[in-house]
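The same subunit A turns up in both complexes below, where it pairs with subunit B and then with subunit C.
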Partner chain A sequence: MGMTRLSSTLAWGLALSVVPAVIHAEPFKLEGDPNPALVIFSQKNDGGWSQSLDEARAKVEKELGITIPVVENVPENATAIRPAVELFIDRGSNIIIGSAFGYSDTFLELAKQYPNVAFINPAGTTNAANLQSIYGRTYESQYLCGMAAGALSKSGKIGFVAANPFGLVNWTVNAYALGAQKINPDATVTVVFTGAWNDPVKERAATEALIEQGIDVVGQHVDSPTPQIVAQEKGVYGTGHHRDLSEFSTATQCSSVWVWDKYLTPTIQKIAAGEWETSPYGAFLSIKEGGTDIACCGDAVSEDVKKQIMDERQAIIDGKQVYAGPLSDRDGKERVKEGEVLSDADLWGMDWYVKGVISQQ
Partner chain B sequence: MDFLVNWLANVPGFAVPFALAALGLIVCEKSGVLNLGAEGYMLAGAMAGAGAMLSLDVHPLVALGIAALFSALLSLLFALLVITLRVNQVISGLVIVFFAQGLTALIATSQGWTNRSFSGLGELNFGPLSTLPVVGRIFFQQDIVVYLTVLVFAVTVHVLRATHVGMRLRAVGENPEAADAAGIPVGLYRLGAVVVGCMLIGLAGGYLTVAVSKIWVDGMSGGRGWIAIALVIFARWQPWSALAGAVIFGCIEALIPRMAAIGLQLPQYFVLMLPYVVTLGVMVWTSLSASRHSGQPGALGQPFVREERR
Partner chain C sequence: MAEIAVPKAAARRGFFGRFNLEVRGHMPIAQQVLVVSAGILLGLLLSALLLIASGVKPSGLANEFIVAIFSSKRNVAAVLSYAAPLTIVGLAATLAFKARFWNIGIEGQIIFGAIGATLVANSDFGPASMRIVTMALAAMVAGMLWIALPLFLKIRLQVNEIISTLLMNYIAFNFLLHLLYGSWKDPQSAFPNSKLFDDVERLMPVGWQNLNLSVPIAIVLVLCVAWLLGMSRYGFLLNFVYSNARMARAMGVRIAGLTVLFALASGALSGFGGFMISTGIESRLTQSFFIGYGFSGILIAFLARNNPFAVAFFAILIAVLMVAGQSLQVFYQIPFAMVQLIQAIIVICVAASEFFIHYRIRMVG
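Right, the complex of A and B next:
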């Protein structure tokens, strides 16, 4: 019994992992008018990630003239996700919007079970004909924030408080350093990883330790606004992540923000029109496509620098690449060849740092 | 030198929550009640402290008092479970943790306290003492709770060791049947120990928000309550040893971001693992060391039912 159970689970798992690459033959057809619902894994007013989704929901409602029900605090496990989603479907929802990496597997199962319902999952990893995982190219927005930091720093020593060192965090760290060096070629970015996404005690300690070392601008890729608050207390500048953190701190001069509505509104329209085609690799959204952008800039950023940042933003929209070759890591190893651009696969697997990034490890 | 001063000056802020929580656990467990709910009481205290600062606009010390009281209120539920109803103490402790996680998130969300910063508890100024080189920064630029913590430890040790109340409390924890026969009200002593102990743990949580982070986010105790539980075992239920353990942990926690900020080349995850490796190490050392006496109260974890055979 145990073995049979195990092997059938394995077979099912294999089937699931193979299927998404095979089926994306025809566009998804929606029955009736679009009726989206939003499922959030934490509280919706968390000040960061989840709040950005809830704010996008309000904008989409306005733009499309529809009501989008929302449920919050749905933990990242199947026993919690399934009932929440199925209740929405029972009530007539036909587009389910998720919010978490941990929803990936359950959303894939639900997408199979409900082929007439469209699923969109920010930060997810699974895709199917009616399921699209989405994430933002946050290195574009953090590059622009890095430019602000480079201009604001008098010492050329910039700090960065981040959660854990892996692809999507490392690409913001590197882009931040590249942006800063665009303004000040000698700028360094010292990064402290706290090992936690939402621990204000560790974030405060990290920010204070950086300021003790003489940094005068602090960037961040953690969920709480604590680094910005400490920056204000200590009289240095900061740049935020997730949302415009100037709401929490006068130190914040630029923020990398999520603008999900710029993706969700046209996507829901496409779904309604029967023109929605999902990518088996997920939608990886640039500033141009909506998903990520900047809130810029605070009063401390000069008009001249502000113009440079906005020009650079336009250049990125027009096709400029942050990770264009030739680019070497801080040990001198070439990572991107002249005339080439770092691939998406290499971005997700980024485990190296550019020159000027100071970190443990 | 600057590095050393910055590091050591930041140790007390990290050590105080561990120290107060461990002391609270010791008080509670000396009476024979095993308390695994420390993480929950810390959360309750942290949320209540932040809430008092944000909504009542009180002095930070009053906010700390409210933190302790709220935690004490929560501990009444625990006391009802383990003392009156004699529910398994391990399960009850864990239940309190999960209950507190939900409760604090619910209250903080409905009140809009999440992610809002406040000014919090500042450092004391001893005038010329505070500006002394090196020692001024380390010993005379701390907040008042740091100094009070030492006082609280001294008072607690005195009460436990040298007063009637303390001796009866320990008797209840070592051998409740004998204590009962001697006319000590076992249930009442255990209730008192649970409430006072949980007030101290709540104070530790309140200190996290009111004095350290100056902001509340859900689940922000971040496992510190569990470390306090390990500290108590490491300290063999001896308050001064627990304080020493808390200082060691404070040293590590204050050191970690500073090593990263100077760019010291050490593997990230190894460094983040350090506090837990130390915890494991001291637990192993405790159980292997020459002295076989662990210091654990004799009746720890056992509900007391009069006239019942064990």
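Right, the complex of A and C next:
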């Protein structure tokens, strides 16, 4: 039944303080040539999160001239994760790449049990000398797509369909609003949380309700492309998440897309060279380091706006911060002081919204 | 004297003659095992053909696929640690189905059981030495609570329990999310799962591989349910009701009472399954711990025809298929859809072999 896939998908993130730093005496040493394997929690052609990892796998294979076997549909419970990983290790794999928040605990156990194997877990929360959780600074790419939304919206009323209200979703909502307001200072973002990562029925209902209220651009942070498809049906624009969703909908004008290969290829090379040192807080990747980037822009975005977006992207690569002070929440409380930048810990714990965000809560 | 034509309802003219389908009497256990083994073998053969047709080299197929699973201690442990909770939920389904209460809400009861156990763990209720037992009891009570409403609606208002128990699954799941995104989220990381259980809140390891007490507990529970259904007075009455409810009622058997008793026991066992998965495997309450158990339990009970020993057998079969499916993917890089196809072929072959336990095809004339 539909319930089985819900939990998961994606994107959770690495927490900052989850596992106390294991003492990292020396860099991790790999025995033999790198032999990575990928363990995916849903279908590798899911059109979103998992597919982005599988596509990165193909690119890394090409760039490094190796083959990376994959096993899919390994649900987020220990009874399923452990045999899949151990079968790979028995077959000589020495770099295991995961794909889910729900793998965190089991990967930590396995990392302790197999100190000669390197573990990398996108969306994980645990870290050790041979285990690195990775996630992207998705607020950067969502900010840039928010700019496209701000330019595309005639009414200044933008909608956003999101999964669950917690740190890593809230930061995309806020960044999206900040991006839109960069173009149109009066823009508002009305967000609906569906409470599920992948629920096309609720996503459709939410998107239709938003459009009936007069919004004319739909952003999203859920796993299915449903909001984009509904946007096309209703003749409004949209922006996507995970992958370039213009594949599914002509409405999609910009997408926040995962570019894992930009991180995985150099990391695997580092592991092979014995230069890999993990961070006890996980790797929190910016556009520059290979988290997310944007697929931009569709025909509806003018050349002028497109240039502004690309300039802003370059500025972010050069060090511009989306959450730079002074920044207040919608109730007027100051959240980031002038001259300061929101800390990573505050990002993961973000439970507030910027001015112009309208939500159920 | 004219010969009277005897109508032969089940007879068909086949290529070689006529065949009759006849009901068998009881088949000896050894023969039953033989028939089921033949079913498994046929399923494996068909699967092998399928793999070869899709480009897998036939040499070493049996070696890599079957021997690799049973010769590795680790894989045997993986099978057993998955089979133990599957057995529990299979038994839970069996108890309800025997009472003709179609409990499709096992998943919800698993979730509630784990919630009950976590409630005890989170509040550090009672002495630490008794914590794990308290958690188990709380899980059983929570599982019973979650089946109580559909049970009441069925007994009092004749509300169809297939619908009500199924829908209760969704309520349970959303309540779980409510807790995990709300007051029970990990205080250390603010992520949506409960904090890790302390050592006293986990099932004790048995000292072989990573197995814990869940396997011996599952064995004991199989024996308990076998006694309950096969030897106890309640089992006798239940068999009576199962084969002829009207007759049983006429003889003064309290059918409603029996249904309530067995449905509650089913809820309690499902809740216990939730306790076993969360404390024995995940070590915390997660959003996905229950995936793949609830509906497998129903499948197992059907395949096992409500026989507790057969439940254990089919739980192990399902667990083997899971691990084997992963190894097929790892070894041959075949897509998951192919794995599902192979799993389905084997399950259907085994289910179909049942047919030959109950019927025989005899050639006549």
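Keep in mind that, in the parts below, the second predicted complex is superposed on the first by the 340 of 361 C-alpha atoms of A that agree within 3 Å, B and C clash if a C-alpha of one lies under 4 Å from a C-alpha of the other, contacts with A are read in each partner's own complex, and residues count from 1 in each chain.
Methods note: a contact is a pair of C-beta atoms (placed from the backbone, for glycine too) under 8 Å apart; a residue touches a chain by one contact, two chains touch by 3 or more.
Keep in mind that what you see is a predicted model, and the values were worked out from it rather than measured.
*Asks:* Touch test for A:Q43: subunit B only (first), subunit C only (second), both, or neither?
*Replies:* Both: A:Q43 reaches subunit B and subunit C.
*Asks:* Does the superposition put A:Y281 against subunit B (first), subunit C (second), both, or neither?
*Replies:* neither
*Asks:* Go through the superposed model and pick first if A:F88 touches only subunit B, second if only subunit C, both, or neither.
*Replies:* second
*Asks:* Pick one for A:A80: touches subunit B only (first), subunit C only (second), both, or neither.
*Replies:* Touch status of A:A80: second partner only.
*Asks:* If we overlay the two complexes on their shared chain A, which of subunit B and subunit C does A:F101 touch? Say first, second, both or neither.
*Replies:* second
*Asks:* When the two structures are overlaid on chain A, which partner does A:W348 contact: first (subunit B), second (subunit C), both, or neither?
*Replies:* second
*Asks:* Determine, under the contact definition given at the top, whether A:V71 touches first (subunit B), second (subunit C), both, or neither.
*Replies:* second
*Asks:* With the two structures laid over each other on chain A, which partner does A:A209 touch: subunit B (first), subunit C (second), both, or neither?
*Replies:* It touches subunit B, and subunit C stays clear.
*Asks:* Going by the contact rule set out at the top, does A:G195 touch subunit B (first), subunit C (second), both, or neither?
*Replies:* A:G195: touches subunit B and subunit C.
*Asks:* Using the superposition described at the top, list the residues of subunit A that contact subunit B and also contact subunit C.
*Replies:* Residues 43, 73, 165, 195, which sit in both footprints.
*Asks:* Quick one: in the complex, what on subunit A touches subunit B?
*Replies:* So the residues of subunit A touching subunit B come out as 42-43, 45-48, 73, 159, 165, 190-196, 198-206, 208-210, 212-213, 223-226, 229, 248-249, 358-361.
*Asks:* Which residues of subunit B touch subunit A once you look at their complex with the stated criterion?
*Replies:* On the subunit B side, the touching residues are 2, 6, 10, 14, 105, 109, 112, 114-117, 208, 212-220, 222, 253-254, 256-269, 271-272.
*Asks:* Per the contact definition, I'd like the list of subunit A residues that touch subunit C in the complex.
*Replies:* 1, 3-4, 6-8, 12-13, 15-18, 37, 43, 69-80, 82-84, 86-88, 90-91, 101-102, 105, 125, 164-167, 195, 348-349
*Asks:* Touching residues of subunit C toward subunit A in the complex: what are they?
*Replies:* 72, 74-75, 78, 81-82, 107, 169-170, 173-174, 177, 181, 186, 188-192, 196, 210, 277, 281-284, 286-289, 291-292, 295, 322-323, 326-327, 329-331, 333, 335-336, 339
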